[in-house]
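After this come two complexes, each holding chain A, first together with chain B and then together with chain C.
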Partner chain A sequence: MLRWLLKTLWLQKASLVASAAGVAGAFVLVVILQAVFAGEARQMVAYARHAPADVWVMQRGVLNMHMANSFVWAWKAKRIAALPGVRAATPILYSGVLVRMRGRTMLAYAVGLEPGAHRAGPWAMAAGKAMPGPGEIVLPRVFAAMTGIGLGAQVGLTDKRLEVVGLSEGTYSMANPVVFVAASDLADLMQAAGTVSYILVEAEPGQDAAALAARIEREVAKVTALPKERFTRNDVQLGMQMGAEIIAFMTLIGSGLAAVIIAFTAYSQVARRRRELAIAKALGVRNREIYAAVGVQTALITGLGLLLALLAAWGLFPLLSALVPQITLELTAGALGRAAAVALVVAAISAWIPARYVARVDPLTAFKG
Partner chain B sequence: MDAALLQVRNLAKTFGSGHTEVRAVSDLSLDVRRGELILVMGPSGSGKTTLVSMLGTLLRPSAGSILLDAVDVTRLGEAELPAIRARKIGFVFQAFNLMEALTVEENVLFPARLAPGGVEAAKPRAAALLERLGLAARRSARPPTLSGGEKQRVAIARALINQPPLILADEPTGNLDSQSGQEVAMILHDVARDAGCAVILVTHDPRVEEIADRILWLEDGALRDRRAERHSWVRCPVCGMRVDEWTALHVAEHEGRRVVFCSQRCRERYFDNPAAYAA
Partner chain C sequence: MWQLAYRQLTAEPLRALLTACAVAAAIAVILVLRGFEQGLYAQLEQAVRARGAPLFVAQAGVSNFIAVRSSLPQLSRGQVEAVAGVAEAHPVTGFFVTYGPEGNRTPIYLLVHDTLGGPSGIVQGEPIRAARDAVIDAGLARRYGLRPGDPLIISDFRFRVAGITRGQSAMLTPFVFIGYDGMIDLFLESEIAPDLSTFPLLSFLLIELAPGAQAEAVALSIERAVPEADVFTSDELAANDVALGRELFSPIMGALIGLAYLIGILVVGLIVYADTIARRRAYGVMKALGFRLRHMLATVSAQTLMVLVLAWPLGLGIALAVAGAIETLAPVYRVYVLEPAGLAWAAAGVLAMALAGAALPLRVVARADPTIAFQAE
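Up next, the complex of A and B:
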């Protein structure tokens, strides 16, 4: 039965490829959405991942960076630095800001760096210097690509005018672009003299981060200390919550489109063989055997479509990144798994329609010349 | 005498209801023994296909019973019928009905997976059938490359692969030229004689009358025996149309004489004024 259906599919190669291409078209959308989601989820914690901190210390009750406000007395950084197991404690200021560039206003998160805190600054540069002084700013390269500004340009940061002195790599995400300024400039904007937002704590070699975090919370009042892994996970989870509904909705649309295409394809493949199905039934083949074969056929078309979609997505990724620099695409095993799971569900739903058709095929049709 | 393989009793099939009711088969009874080849003939719309569909368990009768190998198939559920069709009945269709994507051998083996032993056990049988039907050299060919006669021989091999006791052939020579038609008819004849199958052959084709053990004439849903060897042509006394006395439905006795009419209308006109048609 299966051999017959597969050979029939093979006999109609052009139709099979056209069907798979149609399915691929719908799945490309799903795969790209998954890749955008995965890329964005990774990129929005890029600073937290790269910053030199084994333990993040912040205002008590604060658990992450994105959309958070944290105020800690600056002297606590010195107190922490003096604790056993601490190699270095680097304070940063952190706040959501509006950046105005060539008539465009963009939301960003500003990291205020103390002089000498190089390691808390950008970790890769496209151009210029990494450490901004007073009146200077380091922007993500993507900002420059989007607005056409370059080094030496003036940008507005709330009520300040700052000169672009550096373009950083890997610091842009749609939810969380990071700009770097001098701590004094940001403190002035935040009216937060004497405070810092986060303290990046580096542990001595061999020091367990969780134990160090616990020690900091014991020794320093009114702070939360979290190991880096836990801290970044909190941000990713928040981002997922914020973006998941949109991505889920878009995935639903893409999947729905794929389901319609697969169902139509599988239906037309089956309908084209109505007479042969009637013959098979007349010869004694049971409906359930035909259902199973139609299911495999639908899964095959879906699988082929998914494979084509992945190939197309690989080809499209560089193009999309060039055309839309603000998106970060990442095809992770998880994203692939989700796309495959969506494909499986879509195939199962889509097979139901031709299966209904098969059930209605009258074996008596075989007698009609 | 052997017990009949197929026992049909008071079989009827009605389509529609009320004013649109059509009785396709009416109170039909029939016994068929193993090794017997029966021809079912009749005009278009006489119910031949309806009859063969019911015998093939593809259509449920409105009334009556069909005992196939002592099993009343009219009482079986839908789930049980495919197995009966796969194991007890071989079908030969007018349009050959081969699977286009499969080779000759795969087509022949197609129903084998539905029978005990499956495809592997059936392969030697398939090889023997292909050899016997002159298709050994074409075992790897696909149907579009076969002639009509070859296609029908493949269909016959497929019908025989599960060694069913009953073969139902619906117009098997209808799409064939004279020589191929004769060849297929002789194969079916041999199937009945050598394999001991009961063969019911529905046809319009008078060329195959010679091979039949019995010829049944089906008209207006009713069945009657008809001698194979000849027709008995008489003239309808009313309109003068030529009518076969063996198959005529409208026959009456009048003044000690058998009178055959072409239709009920002519019969009524005759009895309105018999004297007018006395000559």
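Up next, the complex of A and C:
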């Protein structure tokens, strides 16, 4: 029975490929949506990943960077720098700002750098200098690409005018583009004299980060200290949390679309072979065997669709990144696993309609003209 | 032609229904994605309009309400209230904080208000009556299972959920409303800041106009009297926030919606293609009976359009159902499916789908062989 069904599918190659392509289309959308959120969540923590900190110190109760407000007295940086196991403690200011460029307003996060805090600045440059002085700003290169501004241009930061002195690489994410300014400029904007947002702590070689974080929390009042991995994980989780439900719903609707396409194809195949199925039944082939064959058929279409979707996604990723440089795409193993699990469920559901049809085929029709 | 197409469809109603369902699902994907994008902008607009003021006073250089830090001097309230045409200036302050246990944190927008600008329409519980009371958006309540009377711990400070409101979120972030007394207690008792000056106590002033006063004239007078402030009508501020939202979301939403359109066209085309292949024998019969190619193509097109006529309301229905489910299960999102421009664009896209879908099977129809038309399958 299975052989017969597979041969039937093979004879209808065009129809099979068309259906698999339709299924692939439905899955591509889901895979890309997941990749967008995963890529964005990863890119959101680009600064935290690259900044020279084994331990991040912030206001007590704050556990991450994105959309958080943290204020710590500036003198605590010196107190931390003097602790055993600490090689360096670099304070930064951090705040959400609006950057105005050529009539466009972009949301960004500004890192305020103290003079000499080179290591807390951008880690890769496309042009210009990495350390902004007072009245200067370093923008992500993507901002410049989007607006056409270059080095020497003036941009607005609330009521300040700053000169673009550098374009950094890898600092853009849709939700969290990072610009760098002098700490004094940002302190002015935030009216935050005498305070810093985060303290980037570098450990002595061989010093365990978790133990150092615990020591800092013991020795310095009213701060939270987190090892880098835990700190960045919190931001990734926050980013994914913001899109979790919408991804779930789009997965559901995309899967529904795939299920209908598969059911349509499988039904078309069995409906066209109604008479042959009747003959098979008249010859003693049991419904159970026919169901199994239909199940394999839908699984085959689903598997082929999923495979095509993954191939299409791999092809589309560089194209989308080139067309829309603002987005970062990342296909994770978890997303692939979820897509495969969804495909299994979709195949099982889609087999139901043709199976129900098969069950109703009357063997007597085999002997009618 | 129409009759023939109709009879071909009704000859196999289950196949016609499955075809319509597949096309409807493709339409629904487009409508939901577009509705999601429009919902993001509608929420930003609503965040301004729901404050209930015709004029907003912001720090000079600040032209948005949400996602931006604005800080006005304390004295500016008195200066603004002294301007002719201003009945009262109501203070509001807003800032983002994160809420929830580690591993399950979400950003919230803390909106501090006094006599105007609070939550509109409390669906559960009561308004703010005490310093520690908070009214939260249903999106936050749903995500963390919060109910009136439950504690709401923000930066180690314990608020009480007094009430739950709906439709008060923007930028994928639910709002939490507290009073000024609550904010001062939060600053003083919690670890939220080393001292009060690091957070703006006065971000915006919501202007209540005196009877007969013209908003534009009053705005000009305020800007003249208070140079460190900029004044916006609620329309201007809402438009600025929507523009910022478009800047932020439109690249990705545009890419996703464009992709959904492409996939929709592909799905419709492939479904029609598969359906036409399945009816190849019928087209062979038509050829044998003397039908010309253009008649057969017209029949295929008519059939496709009939499927679309069936699929459009079905797709709209699915999209509305999905939107309703999203807004109920995750109220932090708004999916604005019935936005007229969005519907018009989707309808245009679906028409394009129909044309592409009808064009795709041309080759199959043209090659239908009349000599095999009467052979048994």
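Rule of thumb we're sticking to: the second predicted complex is superposed on the first by the 369 of 369 C-alpha atoms of A that agree within 3 Å, B and C clash if a C-alpha of one lies under 4 Å from a C-alpha of the other, contacts with A are read in each partner's own complex, and residues count from 1 in each chain.
What we mean here is this: a contact is a pair of C-beta atoms (placed from the backbone, for glycine too) under 8 Å apart; a residue touches a chain by one contact, two chains touch by 3 or more.
Everything quoted here is computed from the prediction, not taken from an experiment.
After superposition on chain A, the partners chain B and chain C are accommodated together without colliding. In the superposed model, A:Gly315 lies in contact with neither chain B nor chain C. Residue contacts after overlaying the shared chain place A:Thr8 against chain B, while chain C stays out of touching range.
The larger set of touched chain A residues comes from C, when the choice is between chain B and chain C. Contacts of A:Lys222 after superposition: chain C is touched, whereas chain B is not reached.
In the superposed model, A:Ile32 makes contact with chain C only, not with chain B.
Looking at the shared chain after the overlay, A:Gly61 reaches chain C, while chain B stays out of its contact range. When the two complexes are overlaid on their common chain A, residue A:Lys281 makes contact with chain B while staying clear of chain C.
Residue contacts after overlaying the shared chain place A:Thr265 against chain C, while chain B stays out of touching range. Angle at the C-alpha centre of chain A formed with the centres of chain B and chain C, after superposition on chain A: 80°, rounded to the nearest 10. Within the superposed three-chain model, A:Pro115 lies out of touch with both chain B and chain C [touch as defined at top].
Measuring only between alpha carbons, the smallest separation of chain B from chain C in this overlay is 9 Å.
Residue overlap on chain A between the chain B contacts of one complex and the chain C contacts of the other covers 275.
Those residues of chain A whose C-beta lies close enough to touch chain C in the complex are 12, 14-15, 18-19, 21-22, 25-26, 28-29, 32-33, 36, 59-64, 66-69, 71-73, 95-98, 104-107, 156, 158-160, 174-175, 189-192, 194-195, 222, 234, 237-238, 241-243, 245-246, 249-250, 252-254, 256-257, 260-261, 263-265, 267-268, 271-272, 275, 316, 320, 323-324, 326-327, 353, 357. The touching residues of chain B, when paired with chain A in their complex, are 49, 52-53, 56, 58-59, 79, 82-87, 91, 93-95, 97, 99-102, 106, 110-111, 113-114, 158, 170-171, 174-175.
The residues of chain A lying in touch with chain B in their complex are 1, 3-4, 7-8, 10-11, 275-276, 279-286, 363-364, 366-369.
Within the complex formed with chain A, the residues of chain C that make contact are 12, 14-15, 18-19, 21-22, 25-26, 28-29, 32-33, 36, 59-64, 67-69, 71, 95-98, 102-107, 155-156, 172-173, 190-194, 197-200, 240, 243-244, 247-249, 251-252, 254-256, 259-260, 262-263, 266-267, 270-271, 273-275, 277-278, 318, 322, 325-326, 329-330, 332-333, 377.
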